[in-house]
Amino acid sequence: MSKKIKRIGVITSGGDAPGMNAAIRAVVRACSYYHISCYGFYNGYNGLINGNFEELDARSVRNIINRGGTFLKTARSKEFRTKEGRAKAYEVLKNEEIDALVLIGGDGTFAGGQIFSHEYDIPVIGVPGTIDNDIYGTSHTIGYDTALNTVVEAIDKIRDTASSHDRLFFIEVMGRDAGFIALNTGIGAGAEEILIPEEDLGLDRLLDSLEKSRRSGKSSSIVIVSEGDKIGKNVFQLADYVTQNLPYYDAKVTVLGHIQRGGTPSCFDRVLASRMSVKAVELLLDGQKNVMVGLKDDDIITCPLDNVIHEKPNINKDLLRISEILST
Amino acid sequence: MSKKIKRIGVITSGGDAPGMNAAIRAVVRACSYYHISCYGFYNGYNGLINGNFEELDARSVRNIINRGGTFLKTARSKEFRTKEGRAKAYEVLKNEEIDALVLIGGDGTFAGGQIFSHEYDIPVIGVPGTIDNDIYGTSHTIGYDTALNTVVEAIDKIRDTASSHDRLFFIEVMGRDAGFIALNTGIGAGAEEILIPEEDLGLDRLLDSLEKSRRSGKSSSIVIVSEGDKIGKNVFQLADYVTQNLPYYDAKVTVLGHIQRGGTPSCFDRVLASRMSVKAVELLLDGQKNVMVGLKDDDIITCPLDNVIHEKPNINKDLLRISEILST
Amino acid sequence: MSKKIKRIGVITSGGDAPGMNAAIRAVVRACSYYHISCYGFYNGYNGLINGNFEELDARSVRNIINRGGTFLKTARSKEFRTKEGRAKAYEVLKNEEIDALVLIGGDGTFAGGQIFSHEYDIPVIGVPGTIDNDIYGTSHTIGYDTALNTVVEAIDKIRDTASSHDRLFFIEVMGRDAGFIALNTGIGAGAEEILIPEEDLGLDRLLDSLEKSRRSGKSSSIVIVSEGDKIGKNVFQLADYVTQNLPYYDAKVTVLGHIQRGGTPSCFDRVLASRMSVKAVELLLDGQKNVMVGLKDDDIITCPLDNVIHEKPNINKDLLRISEILST
Amino acid sequence: MSKKIKRIGVITSGGDAPGMNAAIRAVVRACSYYHISCYGFYNGYNGLINGNFEELDARSVRNIINRGGTFLKTARSKEFRTKEGRAKAYEVLKNEEIDALVLIGGDGTFAGGQIFSHEYDIPVIGVPGTIDNDIYGTSHTIGYDTALNTVVEAIDKIRDTASSHDRLFFIEVMGRDAGFIALNTGIGAGAEEILIPEEDLGLDRLLDSLEKSRRSGKSSSIVIVSEGDKIGKNVFQLADYVTQNLPYYDAKVTVLGHIQRGGTPSCFDRVLASRMSVKAVELLLDGQKNVMVGLKDDDIITCPLDNVIHEKPNINKDLLRISEILST
């Protein structure tokens, strides 16, 4: 039988994402609602190792639901990947009598948590927070919806100047391993082409498509490039290649970069973060462990961390077809 | 066997919603992709009756994916509710040899379309566009996600001034029959209370809750009121009632009104509108009729218009519980 | 010779305005830069009276430059209008050895400060913070530029729905005594008519103008009404009057209300708040008192509080002419 | 005596800027108001040379006041720099009986217009439109205020992630020859350092400042770099240099790029564009020529194009001092 949970620790780890503050708030308030204590550790697993934490109550998380970033800060901890690091972390938890952890982050975070949980029998629950949406077991990760809006707003701005100058723009968006952001923002912003790691369009098809677009009378064009695109060229080389082959294009490159990680979370992300995090606390109280909460349709579901870590979510390839139809 | 579709008409009808332009664009471009003609009728069913329309090609819908409202305009047509009105509309379609219609709107739009389709054997496909999300057969309607963000941004602004002055704000949001907007934005903006038509919280519980909130040290509070709330008082009377009973509160009222209908659509709404509308055209080409396209999880599904018209979607009451936990 | 200043108090008072946090931050950091102490009093003059304050250092004001509202909170203090109230306030300052005050607020704030300064020989410097821009001695008040953008964004949204439905909208904006917001946002949003307290357009001219607009083929129209407009009708009565006389109009009303006070300050307001507040501290260190800092062209100037309190700024009536030309 | 003006041509030229559409609209509507004809030429001077134009009336410019970019498009014309190019342009104007031109753009645009005006006695009036604000004779150019807000919003987003990860960010903003954008957004976003072309801070002082900032307990820092900064290193080299010397910093680079040119214009830019452009038409009707309209305090003034072309505006160096005080 599982031990009664009295004190929960919470961290944010890995890349930050809008909505992480909303998630922390919901963990804290759910603890408060169920009359258990909540401790926030700073800088991801490093805070666990170094004992850098603070007790949090309902008031500590006032007026943060709409703030980007994470007030607990985040990091990728090398030390936690070592046995010694995890041993230190366990000492801290033991001393503070913390019974369980809520881990807000991505699959790297969960992999670390899973090992730690097995080594020291500490129940952990994962809450998926990353803008990339590349996590198995949930249709949406916290921060993804906000990032889509941030990117689409940025492309709308670039479209203004692209149209005014009849230019071709290559816009690199985040997504090292997955094209979720590229594909959805490409459709949402009406991009002429979308390059994602999941599908190698090929340079020839890109040239064909841009030539066709030109012939159809379009004077400006936008190509969205996922940072992890596997076409063998980075976005600057790609732009060079295209202008060498299609010299009538005046091509420019924009790398959107870290603006994609920040900003006020969308309503969707705030509600998602709130629901997932309340559920994470309730699962611990129910004696569950080593699962991640996820969204499926309108329900909060769970998925074993083992699956989350070892499987990859699929992008909806039907969207590629939609994109082709719409860029007619 | 169904007649081969060569010409499709499209209207937007009922209340306008952000993403309707993206939906029209996708209908037009899908028609173009499948080499059929597309006609846009102005002012909803009135354009059908009066023959106020225009042929649309891929270029007609350039640079509109990010615009609020609907360039085809919209209306609630009284004349279409009469047999004579629909007869005129049919004459127009017959003269122009238009074989089928895509109807972008809400359940009133679909009810009219359903009758018309039965009377004159014109296949119609519904595309759900309304900010209220109160349509059976889809988890999301076009415009709903954008409206959630618009409302949450507005409440964030009001929270700034509420906190600065230690005030209680009653904020009325749209949703005559359904509390989707109120419930989600209430959670998203961290409201202290949420009043929706689906649940009569009761005036006493509202007072209790506000008293408790005051005692817990909160100096400002936000109450979200769905315009269709059934508590028997409008939002101004509600504010008066509360200040009479809890005189330490300095209460203010904001009715958000029509700003909720406008604005640049979110990425989610643009992609949703694009996917649904391409599917609507493809369904017609496949010989289907009298269904509405909808979203379920990440798939575009269909639902018979009969069901859409006669059933009501349920709000997720679990969100009320989440709201209570988080407003601790 | 004036006493050497070692400790400065700062308050925000009156209606809150975006940029007040940026102003407080700049007061605090300027104090820190010049090695003097800074004390923030809560809730305007009430904090002075009740001794509700906190010492602030450079770190206390981190990450607030972009936040709406005022973390020192604000109030309109009745007690400070009494001799007894001001006597209490003086006791607090004397006990804490606070030598001077920076007052961030509007003319009501400055009037109280002026009296207090004369009674107890405490140097005060005013920093104009109010969204209404109705303060003599500066071309811009802190928060005004942000409010203009907030209003224009809201009207843009309403324009989407107005155009989609061929509607006439009456939109009430803030400005009880001055039409600055109405006039500038009316031009900025392309309103068909603008009603301000400084000029009585008259009901007949409004009807004429709306009839002309209709005849010119415009199907939707926006009328901006300053809340202090002197036409003798409130915005709802105005809408009724117009629809009775011009029944082809489908008129709607939106009262923008308190969303106008909140939100992230614009770059202009952040820079203005920063410059004015640094100057306020430097003026005190220079032995000056009882002046308000203001903006003229690109310079920070000063104006005696006596003038600020007794004179009214003029709106630029040339803008009315521009509005008429542009609504052609 | 100057010829009576009956037909006016308008172009947008050089880099596009938000508010150019509002400027075109005001030119067109002022022409309509004064009963003269207005012709819009496409692609800057190229449209003049190629006769690519359209007559514009009040309706042609509906619903564009809030759109980024320029619907007349813009270009930098090489051909117009040749005598032959200008001769062709003159033929077009003569054939269409166009008497005068309104030129919306930057100093390159005005230099070309000035030569053309002298060669062919065509009165021209300049309207300053560029996000860089680097034009003599006006305190503000059209688009500058919007760009400041765009940049500050982007930096706010980056601050979220910088704070979450304790990172140092180098952010490159536009401004090849002038530091207006860098300086104002640096203050507005609370940057720790600002590098502008007008002042060579020196690499040593940058290192000192970042070291000091670290010691004061700041864990994240933002350095704004104007693209024209003269420090001898581009922004990537700068980041490398700093991390080599201050290895405890985890430095990242973001080049904001073309998002700075687009977006919905701010209220300020819409009103400025409206006022300047009405004035430009009125000046032509008054027989004036070869001046640029400008803003000074709250008045629209004029400045001879000769001065505009040959002089440089000064940035307000006092802002550097403010920045230093505030980054304490």
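What to note about this one:
Order as written gives the chain letters A, B, C and D; numbering starts at 1 within each chain.
In this section, contacts are C-beta pairs under 8 Å (C-beta built on N, C-alpha and C of every residue); 3 or more make two chains touch, one makes a residue touch a chain.
Keep in mind that this is a model prediction, so the values were computed, not measured.
Each step here moves to a touching chain, and the least such steps from subunit A to subunit C number 2. Centre-to-centre separation between subunit A and subunit D, using Cα means, comes to 36 Å. With centres taken as mean Cα positions, subunit D sits 39 Å from subunit B.
Here the spacing of subunit A and subunit B, counted between their Cα centres, is 28 Å.
Listed for subunit B are residues 156, 159, 163, each touching two or more other chains. All chain pairs that count as touching, in label order, are A-B, A-D, B-C, C-D. Those residues of subunit B that touch subunit A in the shared complex are 25-26, 29-30, 32-33, 58-59, 62-63, 65-66, 139, 145, 148-149, 151-153, 156, 159, 163, 184-185, 187-190, 216-218, 264, 266-268, 270-271, 274-275, 278, 296-298, 316, 318-319, 322, 325-326, 328.
Contact residues on subunit D toward subunit A in their complex (touch as defined above): 12, 16, 18, 20, 43, 67-70, 73-75, 150, 154, 156-166, 169, 252-259, 261-263.
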